[in-house]
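What follows is a group of structures, each given as C-alpha cells.
Below, subunit A partners subunit B and then partners subunit C, in two separate complexes.
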Partner chain A sequence: MTVGSALIRRRFWTTRRRDQLTAYVFITPALLGSLAFVFVPLVLVVWYSLHEWNVLADTFTFVGAENYRKLADDPNVPAVLRATAFFSIGLVVLNLALALLLAVLLNQKLRGTTVFRVLFFSPVVVSLLAWTIVWGFLLQDNGGINGLLDTIGIDGPNWLRSGGTAMAAVVIVQVFKNVGLNMVLFLAALQGVPQDLYEAARTDGASPWTIFRRITLPLISPTVLLTSIITVVGSLQVFAQISVLTQGGPGTSTTVLVYYLYQQAFQFHAFGYGATLSVLLFLIVLALTVLQWQMRKRWVFHEH
Partner chain B sequence: MRRLLSGIAVAALLGSLTACGGGDDAGSDGPITLRMTTWSANPAHVQLFDAIAAEYKATHPDVTVKFDALPIDNYTTTVTTQIAGGNAPDIAWILEGSAPDFVASGALEPLDDSIENVADLAPAATALWKQDGKLMAYPFSTSPFGVFVNTDLLKKAGVTLPAEWTWENVITAAGTVAAKTGKQGLVIRDFDYKDWTNLATVFRGWDAEAWTADGKTCGFDQQPMIDAMTFLHKAIFTGKALPAPGVAADFFAGESAMTIAQISRTSLLKEGGFGWTLVPLPAGPAGEYSVIGQGGLGVLKKGKHAAAAAEFVTFFTSPANSAKLAQFFPPPRQSQLDAATLAKANPLLKPDQLQNVVIDGIADGVVKPSHTGSAELNQAVRAGLDPLWKPGADIPGVLKGVCTAINPLLAK
Partner chain C sequence: MSIKTKLFLYGTLLVLCVPFVFPTWWMITSSFKPNAEIFSPSLLPSSWSLEPWRQVFEMQPFAQQYWNSAYIAVVVTAGTLVVASMAGYAFARIRFPGQNVLFLVVLVGLLIPSEVTIVPLFRIFNSLGLVDTHWPLILVPMLGPPSVLATFIMRQFFITLPGELEEAARMDGLGRPAIFRRIALPLARPALGAVAIFTFLHSWNLYLEPVVYISSQAKYTLPQALTQFTDAYQGQLWNVQLSAASMTAIPVLIVFVIAQRQFIEGLAHTGLKG
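Up next, the complex of A and B:
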C-alpha cells in the first residue's frame, strides 16, 4: 500500500461517513421489516381491491373500480360505520377519562397505591382472547355480572343479546382490558410535572381543579396526544372482542368495519371486496391520525 | 428507493399469485406429509384417525398423514384462508353447509376412481357431493340427528319418557324437568341462537324449509315455518323448556334433560356419568321425519400432493376402515347400514337405537339446509332471526324480514 492510497482511503472513511454507515446498518432491519410487512401488503391490498378473487374457484379477475362502486352502494356500510364510530368514541372517551382519573388517584403518595397500579395494569398482559372469553361467560344472561346484580335486587339485562347493551358491553370489556396501559403512560407523565409549579400555585391559592386544568393537563398534553392516537387507531382495529362476544350481532348492531371486512373476505370468500373495505379502513385511520396531529398545535403544550 | 420498493412489491405479488396456482408434486420421490383438516379434536376421534394413518404408513413408509383439527366455529373460514394463503390442506373434511360452494367451484378432485366399490354408497348420502355425475367428495359421515335423554334427571323430576313421542309431549316433559330440577330442559346442540341451521331438526317436523329445493324461493315467511317458530318461541319463553338466549348448558356435563345431537357425540358421555338413552327426533304436526348432518372428505386440487392424497382417501374410506369409522360416523356404505354391523362399532349404543335413529334416519332423512354462498346466507338469516329471540316478538314480521334479507342472495 502506498502512502497516497492510504491517504485517499482515510479521506473516504471520514467520521461522518462512518456514522452514516452505522446508522444505515442499524435501521436496515427495521426498514426491511417495514417494507415486507407494511409497504408491500399495503400495495397488495390496493391491487387486490381492483380484482375479484374467488379462492375456491381459483379465479383472479381485474374488475377496475367495481369493488369501489359496490362499496358506495353497499346498504350495510352506513350501519357498519355507525357501529364503528360508536365503538371508537365510546372506547376513546371512557378509556382516556378513566385512565387519567386512575393515574391522578394513584399518583398520590399513599400506602397501597402500588398494589392498585398492578391490579389495574395486570389485564394489559393477559391474553386478549382469554380475557374476552372469560368476559363472555360473565356477561351471559345467567352469568356472573347478572348474578352480582341479582344480589342487590337488580334484574340485569341480557348484555350480549340485546341491541341496546351489546355494543356497550363490548366497549366496557375493552376499556377494562387496556385502561392500565394508558394509566401507566399518564402516571409517567404526571411524575414528570415539576413539583415547584404545584407549590407556587398552592401558594397563590389555586384550587385543586384549577391546578389540574392550568398546570397538570397542559404539561401532560403530549402524553394525552400520544394515548389518544394509540387508542383511536386501536379502537378502529377491534376484531377479536366482536368475534368472540357477539359475532357482529344482535342483527348487525356490533358489526364494526374490521369484522365486516373479515366476513366479506374470509367468510363470504369476497377477497377483492374485503381488500376494498380495508383500503377504506386505512383511509379512515390515516385521516383521523393526520387530523389529531394537526390539532395538536391547538392544545398540546410545547406545540404552540 | 422507489425502484427497490416496486421490485419487492412485484416479487411479493408474483409470489402470492404463484401460490394461487397451486401445485402437485405427487410424482416426486421422497417422503411426503399429507395434511388433513378435521373439525374434531375429540381424543377418541383423533386416536382412531391416527391408528388408520399408522396402518397406512406400514404399507406406504414414505407417506405420513397429519390431522389438523380446526375449531368448528370458524372451520370453513380457516380452510378457505389457508387456501388463499397458498397453504391448502391436501384433504379437507367439508361440512354440508359449504358443500355446494366446494363442489360447484371445482376446488376438488373427482373421487370416482379413488373410492372402493362406489356403487355401495347410498344415493341419498352422495346427492350433495356430486357434480355432473362425478363424486367430488366422499360422504364420510352421514349422521342423523337424534335426542339424547338424561334418564336420571327425568327420574329425579318424576317425569317419564312420553309414550307418544311428539314435539308437544317432549317440550312439556323438558319444561317440567327444568322447573323441578333447576337444570335446563332441551338443548339444541351447537345452535346457541347463532347457527340457525340446527333448527332444521325442529322446523322440519312442521314440513317447513328455509328455501325451496331449487334454492330460489325463501321459505321463512311460509305458514309451516311461522307455525314451527311460534311453537319454538313458546317453548323457550313460555314453557322455559329450552335455555334462553345467552344461557349455556351442556347436556354431556349433566346440565340438561335432553339434547338434539348426532351419534358422534356419544363419545362425550362419561362412563358412569348418568343414565341416558338415545331416541329419534319427535314427530311434528307433519308426522315423523329425520334430519341428517353430513361431512364430506375432499381432495383439494390446490393441495401439494393431490395424487397421494387421493390414494390415502382410497385407504381411509375402504370398507374395512369405513366399518371402524362407523363407531362415530355413520357410513354411507349400504352394505354396512344394518344394526348388527353398526352395533359392533358402537358398543355404547343398543341395536334398536341404531336401527331407529341411524338406519331409519338415513333412509328417510333430509340433509340440513345448504346453498351456494352459504356463509353469507347464514349470516343474513342469523341477523334476521335475532329479533325473534326475545319475549313478545312479532314472529310473522321477523320471518318476513328474513326473507327480505335473503331474497337477493337466493336470486344470485
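Up next, the complex of A and C:
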C-alpha cells in the first residue's frame, strides 16, 4: 500500500465515520427485530382483518369491511368491552391505591420494614401460573377462602362460578400478584421527596392528609403517571389468569378482549375476525396511551 | 412516633400481609398433603407426603418441560441483554444520521402489546414451518416488544453516564466498540441486572404464546404444563398441581436473590424514579 492511499483511507475513515458505522452495526439487530416482529405484523394484522382466512380449508379471501361489520353486530362485543373496562379500571384503581398505601406505610421510620417489603414483593417472584393456580384452589366453592369464612360463620359464594363475584375475584388475584412492583417504584419516589418540605409543613401545622395531598402526591406524580401507564397497558393484556380461573365465564362476564381474540382466532379458527379484534385492541391501547400522555400536562407536577 | 401509632402501623402491616403471604404458604404446604386431606383448612399437613412431588414427574415429562422453560428463559435473557445494550448505547452516546427517526421506529414497539400481533405472527411462523417449535418463544420476546422496553431502559441508563470517561478512553486510543465493552458495559451493571430480571420473569411467565404455538407435550413450557395436571384426569389433582407450581417458583427465587441488589439500584437509576 502506498503512502498516498493510506492517507486517503485515513481521511475517509475519520473517527466520526467509524463511530457512525459502529452505531449502525449496534442498532441493526434491534431495528430488524422491530421491523420483523412489530411493524410487519402490525401492517399484516390490518390486512388480515380485511380477509376471511380458514386454516382448515386453507382459504384466504378478501372480504373488505365484512369483519368490521361483524364486529359492530357481534352481540358479545359490548359484553367483552364491558368486562375489559371493568377489569382494567378495577385493577388500576386498586393496584395504585394499595401500592401507594403500602409505600407510604413502609416509608415510615419503623423497624423491620425491610421484612415487610420482601413479604409484599414476594408474589411478584412467584410465577404467574403458580400464583393463579393456588388462588383458583383457594377460591373454589370448597376452597380455603370459604373454609376460613366458614370458621367465622359466613357461607361464602362460589367465587369463580357466580356472575357477581367472578370478575372481582380475578381482579383481586391480579392486584396481589403485582402490587409489589408498583410499591417498590413508589418507595423509590417517596425517598426522593426532600425531608425539609415535610418539616416545614409540620411546623405550619398541616395535617398528615394535607401534607400527603399537597406535598407527597405532587412530588411523586411523574412516577404515578408512569406506573399508571404500565398498569393500564398491562391490564389490557391479561390472559393467563382468565384462562386458568374462569375461561371467560360464567357467561361472558370475564371474557376480556385478549381472551375473546384468542377464542375467535385459535379456538374457532376465525383468524380474520381475530385480526379485526387485534386492531380494536391496538386502537384502545393507542387511545389510552395518548390520553394519559395528554393528561400529564394537567396533573404531573414536574418533569425531569 | 408514639407507641400507640407504632402498634397501629405494625398491626396494619401484619393484616395487609396476609393475602400476599398466605397463598404461597398454602401452595407449599398443600403440596405435601395427601389427596384426602387437601381440602382441610389446616395450616400444616397432618402427615408430610412426598407422593405428590413424585407424581409430578410421572404424569408428564416434567423434567423435560422444566428444561424447556429454563433454556428458553436463559437464551432470551442473554439475547435481549446483547441486543438492547448495543442499541441502547448507540442511541444514547453516538450521533448518526437518521438517529431520531430510527429511534422512533424502535420506540413504536412500546405501544404495541404482543397480543395485537399474534395472529399475523402465527401465520408467519406457520408458513415457515416453525409452529410447535420453540423458535417463536425465543425470537419474538428477544427481538419484539419486550426487547424494545429493554432497549429503552438501557438507553435511559447510558444517557446518564458522564462523557469525560469516554473522552479519557478515547485519548488512550480506544475505539467505540472497545469503549462500549470496557467502559460503558461494566458501569451498566445495575441496569443490566434490572433488564435481566424483567426479561427472565417475562419469558418464565409467558403463557399465551406457548398455548398458541406449542402442541406437543414434550415441548410444553412450565406455565402450560402446570394447567395440564387438571385436564389429564377426571378430577383435579390439586396436590400434584400445587407441587408442580411450587417447583416453578424456585428458579425465579434464585435469579431474584442473585440480581436483587442490581434490580433495586437499577430501578433507581433507569429513570423509573420519580
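By our rule, the second predicted complex is superposed on the first by the 273 of 304 C-alpha atoms of A that agree within 3 Å, B and C clash if a C-alpha of one lies under 4 Å from a C-alpha of the other, contacts with A are read in each partner's own complex, and residues count from 1 in each chain.
Rule of thumb we're sticking to: contacts are C-beta pairs under 8 Å (C-beta built on N, C-alpha and C of every residue); 3 or more make two chains touch, one makes a residue touch a chain.
What you are looking at is a predicted structure, and each value in this text was computed from that prediction instead of being measured.
Contacts of A:N142 after superposition: both subunit B and subunit C are touched.
When the shared chain is aligned, no partner comes close enough to touch A:Y68: not subunit B, not subunit C.
Of the two partner chains placed around the shared chain by superposition, subunit B and subunit C are both touched by A:F39. Using the contact criterion defined above for the overlaid structures, shared-chain residue A:D58 touches subunit B, although it does not reach subunit C.
Of the two partner chains placed around the shared chain by superposition, subunit C is the only one that A:P29 touches, whereas subunit B remains out of contact.
By the touch criterion stated above, A:F266 is placed in contact with subunit B and with subunit C alike.
In the superposed model, A:Y198 makes contact with neither subunit B nor subunit C. Of the two partner chains placed by superposition, only subunit C is touched by A:T151; subunit B is not.
More residues of subunit A are touched by C (comparison of subunit B with subunit C). Of the two partner chains placed around the shared chain by superposition, subunit B is the only one that A:R161 touches, whereas subunit C remains out of contact. Judged by the document's definition of touching, subunit A residues 35-36, 39-40, 44, 53, 137, 142-143, 266, 271 lie at the interface with subunit B and also at the interface with subunit C. Partner subunit B is touched in their complex by these residues of subunit A: 35-36, 39-40, 43-44, 47, 53-58, 60, 137, 139-143, 158-162, 247-252, 263, 266-269, 271.
Residues 15, 18-20, 22-24, 26-27, 29-42, 44-45, 48, 53, 102, 105-106, 108-110, 116, 119-120, 122-131, 133-135, 137-138, 142-144, 147-148, 150-151, 172, 176, 180, 184-185, 188-189, 192, 219-224, 226, 233, 236-237, 239-240, 243-244, 258, 261-262, 265-266, 271, 274-275, 278-279, 281-282, 285-286, 289, 304 of subunit A are the ones touching subunit C in the complex. Here subunit B touches subunit A in the complex through residues 5, 8-9, 12-13, 16-17, 20, 22, 76-77, 80-81, 83-84, 101-102, 105-107, 193-194, 244-248, 301-302, 373, 375-376, 379, 382-383, 386-387, 389-390, going by the rule given at the top.
Within the complex formed with subunit A, the residues of subunit C that make contact are 1, 6, 9-10, 12-13, 16-17, 19-21, 23-24, 26-27, 30, 39-41, 82-84, 86-87, 89-91, 94-97, 99, 102, 105-106, 108-109, 111-124, 139-140, 142-145, 147-148, 151, 170, 175-177, 180, 201, 204-205, 207-208, 211-212, 222-223, 226-227, 238, 241-242, 245-246, 248-249, 252-253, 256, 264, 267-268, 271-274.
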